[in-house]
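Shared between the two complexes below is chain A, which has chain B as its partner in the first and chain C in the second.
== the complex of A and B ==
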């Protein structure tokens, strides 16, 4: 497999870029398709089969759906048949459309579910044991490209835009190499159209793309990789019973590691894509500045959240039984509950799915449901909060209240991380209990030395510098200041000062940890 | 359309619905609000908005919303 930060990948990228900008502009998409095929080939030939099955079924399914839509339109304009007959014929077509849509969904989610969950389920049932595993390996990016292709199919089913007739062009949308490692989950109407445009090399855009790649590398090396070691020592060595203070500290480190790893990786792939003049979907928007958990999920893994909203939340909440339930609640429980309860239930369903999407393990289910419950409850209890705020004479627009909301949300998010990072629900609960009742701050320095044992000198300092840079950049971005634009326009001396500093930081950080490790969100 | 604005005010009051044209793009309304709007429209005008019509263009302004409701009423 081509590692994203290897000399092979850089060579591959340079060759791909050279071809892309020298061949005829009308054939640029073919260059990207070939590059994506080469990239994917190195992940394993059998993976191609899975990719083609998803690509072909969603493409042919969408094409068929759009043909059926055309038939409905023709039927509408047909003056030779009466209204009743039209109604019967339309019902037949609609039924066919539903069958096609569900058929393609079943094939694609069936494959994904088998690869992801068959082994853990069989293990759980005791059918197989650790020695006798099936050895099913997840093809690179299967979750991401499956979600992306299914999103396209559903858009065509909902008649949001025209279906793509060219299979090769559609396959580029499915297999575009920058998105294969850890997303983002792109939309056809945003990404597919860009492949059809002609792209000219622009120095400014390329420089800014390199800034983004550099920033991503810094997050990955100076923060994520360094912190990963200490976090693993805290949570993956059950023999040591750490004090609450170290557990809390390690969870805070995990907050930083998880964000640096995932958003850093996304910065890199978005930057790589920008080198080709292609803008992919953004996945993060300063999530730790969120003022509520719902707000957090609009800023963290944005492309997954939007996918869930459009293809699970709305369709589920607008099903007949849910609408009926809403009406019933409206009559029996009052206007407020009648309106929020259906959304709250839809939200729980979404977070249950997000939970198991992360893995077929109980702790992910708990983590997902925790998020869903907190959001649902805060919505249900809104009138209570409003009353409390009025009673206490709190000015909701005051700066201190905004800061309070950010800190409160950060704590709520971090409680969730216990169940994300600690792989055993009982241990996670125990750790949470320790964090409150066995905080024991006196043990900090001694236990800190244990978890950072084996990490080379100055590693912690690198992580602190890295985090401060991310905080600084985030504050600027939150205030709508584009750091990349600012840097690009600054004097030569400052620019080169920043370049040198970041490069030295990355290189020095590399020497501080033994192994680099892949991305946390790869192989989903 | 006035009745529609009244409905919206009941759901979220601190928005200038008459002049706002980026209710979704500027994230003034979230998905919970949208579900509430859909259910209120269903009660008031007896039209069912399908999931397929929940796109920003249909929810960015009162006018867009009103056009969608009228289209569905036909």
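== the complex of A and C ==
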């Protein structure tokens, strides 16, 4: 894979941009398609085959679905046949549509499941003993482009918009290179249409795009990569039994690393895309300022959350059994439970899938279910909270209450990170127990030295500076102040000072750690 | 006019280049080891023998002695922390530019035990590109940043910012020292060619250390305490690649474990033989001669503690004596004699140094 932080990527980007803005405006999408093909080809030829299978099956499937929809419309307007016959014919077409939809889903999720889960499952069953024995390597971004393509297919199935007739144009939507590393999961009606527009170079937009790329690089190298070393020392060395205080500290570092890595990567890809005048879906909105776990999931990995809501949660909630259950609960358990219980079950299903999506390991399942359960319980118990707030005369609009909600949510999220980061559920539970009952704050300085042993000089300082910058920017963004706009409008010397500071910080941080691999979400 | 508009847009790039140059000027040492080595190398012509390896090579081989005694034209391409890939790179460059007949890969077991230090690699390559200068230097830069190990990775960018990896420290005093030295053009004076009168600095060889071993801490500071017992798999693979590379080019390669004081060999008694066997087996496979000068018999060269600065580096006098004896050894080798007879086996060596071994065991148990 071409690393964004490499001369080769810079060269590739400059060439792609030069071609994009100098060729005929009507052919810009072709330039992007070629660039995407080159970028993806570099990850391996076989990966290309998987991408083509997904692209072709969803494109042809959607096209067929569109044709069948057209047939239903024609049938509706056909005055030559009677109502009964229309009903029978419509039923046949609807059945055909369902078959197509399920067939395409089966192929795509089947490929994804085979590549992602077959080996761990066989290993779990004891059929194979080495994880890579089948040699099934995940093609770059397969989860992301599969979800994106399936989203398109389902949108056509639900007749949200017209199917794309040009396969090449559709392939650009599937393979657009900035999104291939770790998403976001884009929607065709938002992204696909932009490819058809004509884009001209705009200095301001390009400068702001570069700000975003720089900010993403800073998050990735000054925070995520540096913290990764200490976190790995804490959780990947089972022989060392660290005190609760260092476990809690490492989990806090992990929350910073996870955010900096994922959102930093997203900032980079969104910035790169903005250079081409294409705006992709936002994936983060200051998640650590959330006031509830449900709010957190509306701010963290937003594109996956929306995908799950539109293609799993709602269709599941609208199934006949769930509707029936809702009615039953409404009658027997009251209005509130009748409304929230089906949603709670839906949330559990969604978060179970989110857990599995992260990997075929039990700790991910537990992490997913933990999130689902907290959200479900929070919904179910809403009347109880309301009563308590009333009894305690708490002003829900007070600033302190807002801060309390943020801290409470942060703690709840961090409890979840135990099961995300620690790969063994039993060890995760034990670590959680240690964090409460064996906190031992006196051991901090000694154990801190152990986990940061091997981290080069000044690396810790770089991470602290990086975190403070992210906190500062997040506070401004949360207050609806666009940092990019402010920086762009500031005097030249200040701008150049900021650029130089950030560039030096990135460069310096990068050499403080060795190669730490790519992005955490690149293997999904 | 359009071009001016683009220059205006990209003017910050000029600022960035200026900042990079300023930081490099302040932070890069005025005369780093790699810079000196390459600078001296490009002053040489018609070389036919080179020494490659890390600090044990840089401090252990005096080319002038070989030139005089073997009638060759030798150069020492050793640099501190030089990992196997850089040694191979040095050989590759020398083979391209000279008619090299003999390559001595000077090592200690430690050379194959630690992970390569990325900064050392970048400094080595950057110094080479800079010493070449001009278009050749630019081509050398391009060939490095597009080499398979670097392409599409972070180092392809970092390479262009030498102050990130070639530094002593980031203290203001050091920056002032570097700047002063550079401004006074000391860099030029420190070039090897200008130092003919100094014995400690010549043709890549650099050793002006006259210290001897500190006996107070020989059992605390030795190869046993410093390095892993067994070889690093990645380094071994690189080593094999180096052997294959030389075999392919039909170069007379000599792999040479530089002498270590007896206490250092003894400290590793538990795995020394295994290390030895492993290296011998690999070298045999490629038809390369491998000699361990820690185990040499006194009739060729007597390893004496007074010749060492520490557990693995020779001092200046030690290097001189060692090189003279090595020349005699190479003459014998050239005459077709079986050189293996001049080395003890590990078992024999430990038997001879039984007292030391017991002392070490006692220390270990204590």
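Just so it is clear, the second predicted complex is superposed on the first by the 521 of 524 C-alpha atoms of A that agree within 3 Å, B and C clash if a C-alpha of one lies under 4 Å from a C-alpha of the other, contacts with A are read in each partner's own complex, and residues count from 1 in each chain.
The definition used in the following text is that a contact is a pair of C-beta atoms (placed from the backbone, for glycine too) under 8 Å apart; a residue touches a chain by one contact, two chains touch by 3 or more.
Predicted, not measured: the structure shown is a model, and the values here were computed from it.
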Combined model on chain A: chain C and chain B, fit or clash: fit
Partner chain(s) touched by A:160 [first = chain B, second = chain C, both, neither]: first
First, second, both or neither for A:326, with chain B first and chain C second: first
Chain B versus chain C as contact partner of A:503, first or second or both or neither: second
Chain B versus chain C as contact partner of A:340, first or second or both or neither: first
Which superposed partner A:89 touches (first chain B, second chain C, both, neither): neither
Touching partner for A:318 - first (chain B), second (chain C), both, neither: first
Partner chain in contact with A:294 - chain B first, chain C second, else both or neither: first
Touching partner for A:309 - first (chain B), second (chain C), both, neither: first
Following superposition on chain A: angle at chain A, chain B versus chain C, Cα, nearest 10°: 170
Touched partner set for A:379, first chain B, second chain C, both or neither: first
Least Cα gap, in Å, left between chain B and chain C after the two complexes are fitted on chain A: 37
Residue ranges of chain A in contact with chain B within the complex: 157-160, 294, 298, 309-310, 313-315, 317-318, 323, 326, 330, 338-340, 342-343, 346-347, 379
Residue ranges of chain B touching chain A (in the complex, touch as defined): 11, 27, 30-32, 34-36, 38-40, 42-43, 48-52, 54-55
Chain C residues touching chain A - in the complex, by the definition given at the top: 9, 12, 15-16, 19, 23, 118-119, 145-146, 151-154, 156-158, 160-161, 164-165, 170
Of all residues in chain A, those that touch chain C in their complex: 1-3, 5-10, 42, 203, 458, 496, 499-500, 503-504, 507-508, 510-511, 514-515
